[in-house]
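Heads up, the next two complexes both have chain A, just with different partners, chain B and then chain C.
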Partner chain A sequence: MPTRHEPAAPYEIPAHPSADDPRVTLEEQLGVFEPIPPYPPRTEREAEFYTLRDGEMFINMGPQHPSTHGVLRVVLKLNGEQVVDLDPVLGYLHRGVEKLCENADFHQAICYMDPLEYVSSLFCEWPAVIAFEKLLDVQVPRRAEYIRVLSTELNRVASHALFMGWMALDLGGLTPILYSFIERDEIVEMLAALTGQRMLFNYFRIGGVNGDLNHEFMSRLGDWMSRATEQIEANLTLLNENEIFVRRMRGLGVLDRETALRMAVSGPNLRASGVPFDVRRAHPYSVFPELEFDIPTRQEGDCLARYLLRMDEIRQSLRIIDQCLHEMPDGPVMARVPRLLRARPGRAFAAVEGPRGLYGVHAISDGTDQPFRMRIHDPSFVNLQLVPLLMPGNLVADTMAIMASLDPIMGGIDK
Partner chain B sequence: MSVVGSTWGRLTPPGKALAIALPVLTALSIGLLAVVVLLGPAVVTFLGDNLPLVRFVVAATAVLLLTIPTAFLIIYMEMKVIAFMNLRIGPDRVGPYGSALSVVHGLKVLAKEDFTPTGADRIVFTWAPVVVFLASVMSLLVIPFAPGLFGQDFNIALLYFFAIGGLSVVGLLMAGWASFNKYSLLGGLRSAAQVISYEIPLTLSVVGLIILAGTMSLNRLVLDQSGSILDWFVFRQPLGALIFFIAATAEANRTPFDLTEADSEIVAGFATEYSGMRFGFFFFAEYVNVFIISALTVTLFFGGWNAPFDWPFPVAVSLDPASLGIWLLVLVAVVPVAGTLFFAAPLWVANSRLPAWQALVIGFVLFNLAVVAVGLGLAFVSFDWVVGLAWFFLKTYVFVYTFVWMRGTLPRVRIDQLMNFAWKWLLPASLLNLFVTALAVVILAK
Partner chain C sequence: MDRAFRRRLELRFGDLLSGPIRQRHDETEIRIAPADVPEVMRTLHDDPAFRFEFLADLCGIDTGRTMQVAYHLWSETTPDWLRVIADGLSRDEPRVPSVTFLWKGAEWMEREAYDMFGIVFEGNRDLRRIYMPPDYRSFPLRKDFFIADDAARSPGAGVRPMERTHVPANAAPGGVVRHSKVD
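Our next item is the complex of A and B:
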């Protein structure tokens, strides 16, 4: 490939050039071709990564690429079609959520948690709400807990159903994404009936939930539950029995048990490697001790296992939803909580099991009405660290499959 | 100041241009007329003496023009069929059921900026779409559409077809290299590897057929399959047909072998940096390729323009206008008026807001359409080549539909799986097919 271009003719740049001076921007544009940072390498790793050996080239996958999930940029070092090394570049979606939460009171902080995982927003609200409840010593009514479990499990099904479509789309199948959007749309519509929003629900409150189950939600839910199992199984046969799909996924990006534990992976990615760790069982919260469900695990640790495990989780979620509907107690959905909250000074940690792993919030209070510090543990960020471990040695096409099977959401990674 | 000078000074700029252009145009017209009068007979004689040349020029033009409706139709078909498979509605804005969408797409592509990226190799970048497009159009020349309706009848038509089809990879490689983009480069190299690998099973799969037929002329191959449906080569060469279809899919870069433009991996492959009509040419070429491989599959294995069964109702139109006498005059005078009124009256009666003249216009158009439909129906049962053309396009579009169906259903294979499949499965299978065919021919000959 040609190297950086020299300017065609020497010209004078004024001492203080305007930002929209076309000559200046032209030179800047030419510099875009080089992925090598303009500064000297800061670390040994950076120096090693940005040195090309014979036959290698860099390629920028993202931030605008048809199949990176969100605005993730991965600098791939390729040898032909083979990935030699890679460097994920984060921060394109950074909003400073933790800092924003420090400047909001406890009620307001919850709504900042929603956009972290725009595919499964309820799971991000939950740990924050639990942590604040611990700080404030609030007892949540049992009906509210059941509603929380019900709505989050619905959200988990929506997230995993969408995952199925994405997975196929990244492998080149056009159709499954639209089939899985049907499932997701039905669930999202019924959650909209419950919460008032389709995507960023902002439904959980400190001490309960925002509203009781209403008629529209229940009728939509009953409608959907009557055919959910059948419909999801039918969608699964489209992909699970597709020879091309299975052959591309099997044995790809194998994550072994030890590495998974060492890298602090959580969620389906961990369980696909044979570790039956699920926060719902390991550190029970809410009403999960009363509910009956299995923790599916798989031993292979490859992309296919990660995919199939999520599909197993959908079935378990449907079981949980069924039990919630049968055992839902009567009562209030909101504890009596003062409008102006002043937490006791101290710290609280809460974690829940989301569709991508362990969502945790560590909140510190200094006795005012705002959290003094909020640390958000996002599973996508931890799972994304696997990418440099799993990808080298695979082909360019497989980077997409591996990335899709880890199922990262950039909103949570960049925070 | 002379009179001419002052007049010239008072003219507006368009007037000045016209004042210069008019005499020049007049002189040119007179010259052209003179040339026609003097050289016309000679030219006509020359053309009459060189009929193959005339035939070639006409055929090339016709084939070039055929690509436009073909591509539009297949693009629309793909959008609509995949939309139905995805449980979407698909295009429904422009024209009835969105059928004019590809035309509007074409206009949009023409109106777009023709952009060449900085650092691209301008000449190669410009010519790459032309090479790709011409390669597909030239392959169309040898396909027999109907009895007597083909561009050229070579005795090595099949060989020509594969040779020209392989030429398109040069264009893709040019596009990939000249774009100054690494995604394009990957796409171009992928297409080179893929097309060259699949050329071999593609060519070998039809060798058995060539042994059976003893010719490589596509026209003769179709004639060999005339008779009943059981004479089609697909029943004598089922394995060959299967291998041919798979390899042709890869050759045309269609799903599941569309690695060249895998949008989830390498953005748009070789076409990443192309915009405007240059991209339009790639797009055109892709869909013309779909048509071509479907047409060739039909020609080689599915009987070409032969009908699968005889037309069960022999219609002989033997109407002598002279025998009608005075009634002919009545027919000519009365039928159009009566037909127009026949179509217009119900419209006018049913819709009170429709003016009578509009109802008459619509009735006249409908009457004409009806006449054309009856005429086409008569032509269909009366002329060999119309029947052949209809069957040919029907069969071809069945295969086009299959390609679209595969696009809507299957995910993409990986490059190493693609290569393994070509070299470890398709190549041995096609060799086996060739061996068995040759053995059978030798045994049966004794």
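Our next item is the complex of A and C:
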């Protein structure tokens, strides 16, 4: 019979300690996101990064940090408040879309494209659709092409408007996002009237689009277009004339022309560094050769240039939308395409210019009704590589500004 | 299709090409041996007659018989996309020289191809997994990797339990895949 003063049995650490167990100390639980890998470094770069010099420390930013625009973890190596180096850790949102597409037929594969970039879904559908049309030798009716251009340019305005709000939010300004969401919501409601969905549109089809322009869409669009320019310009004065914002962004995260090309960057980030590369002009697709618009370019390559360039693009998009409405031809919106598609063996590559850069799809067919291989190229994935390049030497607070100015979307990065 | 571009490629890379030049729609495709990748890419990048400054895409491909790496390049000297395929990598030990000496931005795309296919890019100084966890053991986009719930291909869809459909019924006994006409 045990006596009253017998010592308690020694505590055994369970194999899987629970956070609810009061005997488990807080330190053990915090070790879940240990920045130093529990294995020897495998590459030159990893060995270099995970070696601390005097006075340096690691800090994890993310994976749930609000300014990482998704589920991104960045291991920061800090010296005081200065960023020495950083290592982005991806894969928290990886769904294996490329593998899923290999197990779907050509029609089904298109609906996997939408959730890649939930801010600009139509741009993800478009290259896939063009690549399949090339494989199948389908000719798209002109009216469908115009509708595609119209809807994607609307989507571009929505995406850039949201960027403006995010950018300010990451810098600590709360007001602009309220205005940018007004803009975005009007466009999203408009596209919902056209496509039937608010965000994941699934609107493009092989050989055309899912439905013709309808009355609700046209009335919403006409209403919006009559005041869009004024409204957007008014929103832009919130930041363009804000001295704190401008002085904070100018000269921050400078990317020069040669580095931008070497990093394979595309889209506004590249054009802000002085390279006038826009797929709509460099490798024209759809009806863009017939439309008039400029490619805004800036030479500075800093965060402010990247921001201002996107705002210039909104103005160009409004021009394109206006021309589409005036030149929209009559006719069918779908080519005659069979339900069961069998492409002959071959390869096709298609790229479009999205709000973040070049969206590409490389589709390979082996003669069945399914793509044999479906490669999705996402611009955010490539653009995020700039982060380890531009950050070192800046303060921690500037990491948010630089990352926001690159405008990455984690859904596309972790496809 | 840019016929003149095709002739220029033939003249410049005549004996380096390991297959015929193919042209379809707005694309031109050349095939080279993996060992020739640095030389061909450097010529395409630096030669004033080509000036392929922009790397649009880099991806790995598993045809079921061999591995390939496809590069898509853009230049203002031609209206076509140029697809360079490094052909004939062995499926057991795929190795190809890296192009990070020309485009540092290819680093993550090569990491992705390594993660998904196991292709080793010699010269990439950060070749580790990028999407899958570091202790993951297989390469998901290879054709001998089957997703467990492969209901679309399974003749007994909805009948067999999920674990047993791990290897689809149409898989060849050797482990590799459906019959492919892709070369």
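By our rule, the second predicted complex is superposed on the first by the 383 of 415 C-alpha atoms of A that agree within 3 Å, B and C clash if a C-alpha of one lies under 4 Å from a C-alpha of the other, contacts with A are read in each partner's own complex, and residues count from 1 in each chain.
In this section, a residue touches a chain if its C-beta (ideal position, glycine included) is under 8 Å from a C-beta of that chain, and two chains touch if they have at least 3 such contacts.
Not measured: the values here are computed from a predicted model.
By the document's definition of touching, of the two partners only chain B reaches A:Arg248; chain C does not.
When chain A is checked against chain B and against chain C, the one touching more of its residues turns out to be C.
Of the two partner chains placed by superposition, only chain B is touched by A:Glu81; chain C is not.
By the touch criterion stated above, A:His362 is placed in contact with chain C alone, chain B being left untouched. Contacts of A:Met218 after superposition on the shared chain: neither chain B nor chain C is touched.
Remark: chain C residues 24-27, 29, 53-57, 59, 61-62, 70, 72, 74, 76, 79, 81, 83, 102-109, 112, 116, 125-135, 140-141, 145, 147, 150, 152-153, 180-182 touch chain A in the complex.
Chain A makes touch with chain B in their complex at residues 1-2, 5, 29-30, 33, 57-59, 65-67, 81, 168-175, 178-179, 182, 242, 244-245, 247-248, 395-400. Note for the complex: chain A touches chain C at residues 37, 39, 42-46, 90-91, 94, 96, 98-100, 103-104, 134, 261-266, 277, 282-283, 345-349, 351, 358, 360, 362, 364-367, 372-373, 375, 377, 381-382, 384-385, 414. The touching residues of chain B, counted against chain A in their complex, run 82, 85-88, 118-119, 180, 182-183, 185-186, 190, 255-256, 258-259, 262-267, 407-417.
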